[in-house]
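After this come two complexes, each holding subunit A, first together with subunit B and then together with subunit C.
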Partner chain A sequence: MTVLLEVNGLKKYFPIAGKGPSGSMIASWLRSFNQNVPDLRQMLHAVDNVSFSISEGESLGLVGESGCGKSTLVAMLSRLADCTSGKIEFSGRDISAVPARSFHAEPERSELQIVFQDPHESLNPRFTAFDTIAEPLKRLKGLTEKSGLSEKVGALAEQVGLPAALLGRFPHQLSGGQKARVNIARAIAVSPKLLILDEPTSALDVSVQAVILKLLVKLKKDLGMSYLFVSHDLNVVRLLCDRVIVMYLGQIIEEGPTEQIFTNPAHPYTKALNAAVPGGKLRAGEALRLEGDPQSPIDPDPNSCRFYGRCPVGKDVCSRLAPPEVFLTEEHMAACHFVEKQASLDLLE
Partner chain B sequence: MDGNDKLKMILGRLLQAIPSIIGIVIVTFVLTRALPGDPAVYFAGPAADEKSIQEIRVSLGLDKSWPEQFWIYITDLATGNLGVSVSTGLPVAEELTRRLPASLELTFLALLFSLAVALPLGVAAATRPNTWVDQLCRVVVTAGVSLPVFFTGLFMVYLFYYILGVAPPPLGRLDIIFLSPPPITNFYTIDALLDGDFETFGAALAQLILPAITLGIFTLAPLARMTRAAMLQVLSSDFIRTARASGLRRSTVLYVYAFRNALLPILTTLGMVFSFMLGSNVLVEKVFAWPGIGSFAIEALIVSDYAAVQGFVLAMAILYVLLNLTIDIAYTLIDPRVGLDG
Partner chain C sequence: MPAPLLEIQKLSVEFRTRSGIVRALENISMKVHRGEIVGVVGESGSGKSVSALTAMGILDPAGHVTSGSINLGGLEVLTATEGVMQQTRGRQASMIFQSPRTALNPIRTVGKQIGDVLRRHENANRQTVREAVIDALKTVRIPDPERRIDAFPFEMSGGMCQRIMIAMALSCRPELLIADEPTTGLDVTTQAAIMDLIRDLSKERNMATMLITHDLAMAADYCDRIVVMHAGHVVENASTEDLFEAPRHPYTAKLMKATPHGEGSLDDIESIAGGLPDLRGELPPCRFSGRCDRFEEICSTPDLTLDEVSEGHFLSCRKPL
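The block that comes next holds the complex of A and B.
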């Protein structure tokens, strides 16, 4: 399989405003002339040195708790936000070099599409469903009424199971599931190679979720897109994805084929996540509880494991040394000091 | 929504306005009667005796009972007769047709000026929060609301007329060396243009500019503030992100997507500002000796000039009703959702 998207050392830091003299307006003004003026502001490490790849036709799951940097990563990948450093290669081209504000003019804009988290808020309240789906076709494919715009929109609506009669409606006249279909139709309208789904079902009722997920499975089969599926619903990820990456405080802490992540998780955090899945195999009393709060994402210690303090395994070494990336198999990686020991323990059981 | 529906809605709104106008007619009648002071005493003068006061009272129709007076008032109204102003001796209808266009002309130009400044400023401030544009917007807005209009007016006159000498003397609608253009709309600038007299047009415009800017600086503040707030809110919406993912240029997102969504609150503010300006630009009218409707109303109120006050309030009320109607219609043009459920 050829690699479609390759992310290398991607970082996104946000300055914490108004802290210290170097964060002042004068300092940032000086910095605009001379890059050497020191920037001593505190930085929030939203995404910190993330590398992974997606092959053509593959669906990759991205899981992690709230605030771990999933949405920031998605914003950078979909080129709606600039990255602090790092590289995003899409079909062999470095698209991170294109500033987010001018990415709309790139051919990759139509090849890399996104279905946003909240189907209600992400639709323009002044646009009918037809307008919303037609917009990217007009802008990116240059379709007009003459060159079959209506037919194309009608075909898309059928593809996502949206009754054609609803195309003339405004968002407030549609149900949640129908809005989700409009959002998906908008995203697949320009036949993207990679579709990023940012928790596409989190704002929907459970019954509707199942229907939308089925639709996504069907679309993937029909259109052969790659998916990057962001979610904190592990069951959904397990159902839909070939591989999974687990993020914690801006870093990837475990990566591997879905079955391995779910049956043989190596990182203590992934184990805790697995244990928290409702309807899992664990019996009462066996549940793995995480105590305490996550570390602060503001200027974290580079020589410490970010999970330290919350980790049930955590030893002294974790606070002194950043954990190495340990490969259990060729594809299964976990960033932890104690992976091998745990793995052998698991084997003993 | 097709044109037929729209027409129906407009007619509906017009019908809704009828009860309010009837209410206004009654309320203005009662209120003017309830004003303290007896106009007959006032107009008779300090030297008048009981008999001459009574004569004036009879001639004004004030000796009759209220129901009778009201009947006379509405029958007069039906024939378009608004009565005669006791203080100026002219028919009120004539005063209004002369003064209302003067005020409207001033208000429209002021509004145009404040829109031309406030909208770009508000949009720029919203797209670049906490930069110099935003600070500038803040300063202008604060200055606009905190400087009283008579002060800005006097300052303008001092600077542009007295010091720089670029503005004409602040003495009404037209310099005395010009003849007023043939009255068609009673908007001097428009009448001059219709007459093809560009010199008079220029002179009328020159007289207009300073008072319009003075008034505009004051009304600019709420407009700029509302534009900034509405734009900030819309720009942070998720559907703006969707638009960018759909491959829209930043400028398109800004002006087509965001601005159109932000227009509703701006339009509401505009309507409020406009009605506020029409009635309360007395100070500007006084500073620039502008023969507008505000100063006319104030003078009439002070001397209990019933007919004039009634005429003024009625004219304003009808104007407000029309204004609200215009804004309602504008809503449906901007926002396809409005009017569907209304």
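The block that comes next holds the complex of A and C.
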């Protein structure tokens, strides 16, 4: 399979306002002459050295708790935010070099689209469904009324199962499921190669969730798109994704095929995540609970595991040495000191 | 069996709006015993929150109770004066609201906000209140309570804010706790911790707990009994085991089929066709009939009631599974 998107060492640091010596005028003046003057401000490490790839036609799940950097990563991948360092290669071209504010003029803009989180909030309240779906077609494809804009919007509405009669309605006149359909139609209007779905069903009732999920699977098959599926609903990720990435405090701590992540998680955080999924009574499994809150993401110690302190198996070494990336199989990676030992323990049991 | 702490009987609530009368609840009945966690499950708009707000006596003035009774430990909530209800709320019955960030006052420290409840109900001086607040923070397992007592809500994570809400609700040791979607918007890991806490505390203190949620999988994990609501009706009410073993109402069965639960593929889950009916104007006796594939002539005959079909299993359906 050809690689569609390759991310290498991607980082995003946010400076903490007004803290640290190099926030001063002298330091910023010096930096204007010499790029090498280090930035000594306190930094929030939102995404720290993340690397992964998405193949054509693959759907990749991205899970993690709030504050772990999922949304920042999505903003960088969809080129709505600039990255601090690192490379984003999209169908062979490095798009991380393009500033976010001018990315809309690039051809990749229409190939990389995003379905935003909350369909109630992310639709323009003064746009009808028609306007919303037509907007990217006008902006990015230059379609006009003359060149068949209405037909195209009608065809898209049919594709996502939105009755044509609803196209003239405003968001407040649509139900949650219908709004989700408008959102999806808008994103696929410009026939993207990669669709980023940021919690597409979390705001929907369970009664309509299944229809939307099935629609997404069907569209993927019909249009040959790749998906990056961001969610904290692990039950949904499990249904939809081929591969899963688990993030914790800005880093990828486990990565592997979906079934392995769910049936044989290696990292203690992934185990706790799995144990926390509701519906445990329907499945058998012992409760593994995390205590406390994550560490501060501001200037974390590079020589320690970020999960240390909350980790049920954490030992002294975790606070002194950053965990290595252990490959359990060729595709299944976990960043933990104790993965191998655990794996052998599981075998013994 | 001892008398239930909360007993809602044949409660009907309607909202008079400009575009007509919305019959939000119709003849709903349920009981919550001490030491029991009762889950109220349904889609949004099914009347879960309206039932809870009515039980607490804080229904919006636009809502009118047209019939029924609510008995809370011997007190008739619907006829009680506001003064009596103010004494009851917080002391006998407490509520945890959705989205803790908006329910807490952003410009007062959490210690003060929890202290408000204690000062309202107990004659205590400043020092004892502070000690009681620290105790309350300890019960909800907030680390370092002596320092956290002076923190503002924005200095805390979502999970911590929800713990504060729980501490506030439980500070006067209520007998009834109503939790309205206590974990929406929280992470799965935090959700599990919060739900464990609610379960532990309600068992420890022998509280009657009403858990409102739209997540059937979560209700299955934590509740002793589940009440399924649809469009202002209670359609089924059974112990969790009974309900999951053999759901009798078609809506309950469909809700289970629509909930992803780990194993299985996308083909195993099915959505429920259609939406909730418009609650204005004339409605069929069974409000699910428009979405039901077992619908027959008999379903249109009036006076559909919630009957006990087997011990402790209540059902409101003429064509049960």
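Convention: the second predicted complex is superposed on the first by the 326 of 349 C-alpha atoms of A that agree within 3 Å, B and C clash if a C-alpha of one lies under 4 Å from a C-alpha of the other, contacts with A are read in each partner's own complex, and residues count from 1 in each chain.
We take it that a residue touches a chain if its C-beta (ideal position, glycine included) is under 8 Å from a C-beta of that chain, and two chains touch if they have at least 3 such contacts.
Computed from a predicted structure; not experimentally measured.
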By the touch definition at the top of the document, which applies to A:167: first (subunit B), second (subunit C), both, or neither?
neither
Give one of first, second, both or neither to describe whether A:225 is in contact with subunit B, with subunit C, with both, or with none.
neither
Who does A:234 touch here: subunit B (first), subunit C (second), both, or neither?
second
Subunit A contact check, subunit B vs subunit C, more residues touched by chain C
Should A:293 be classified as contacting the first partner (subunit B), the second (subunit C), both, or neither?
second
In the superposed arrangement, does A:194 touch subunit B (first), subunit C (second), both or neither?
neither
In the overlaid three-chain picture, which partner chain does A:114 touch, first (subunit B) or second (subunit C), both, or neither?
first
Under the stated contact criterion, what part of subunit A meets subunit B in this complex?
78, 80, 101, 104-105, 109-110, 113-114, 116-118, 121-126, 128, 132, 135-136, 139-140, 170, 172, 183, 186-187, 190
Subunit A residues touching subunit C in their complex are 65-67, 175, 205-211, 213-214, 217, 232-236, 238-240, 262, 272-273, 275-283, 287, 289-293
Spell out the part of subunit B that touches subunit A in their complex, as residue ranges.
237-239, 241-250, 257, 260-261, 335-337
Subunit A touches which residues of subunit C in the complex?
43-44, 143, 157-160, 187-193, 196, 214-218, 220-221, 240, 244, 254-255, 258-263, 265-266, 269-272, 275
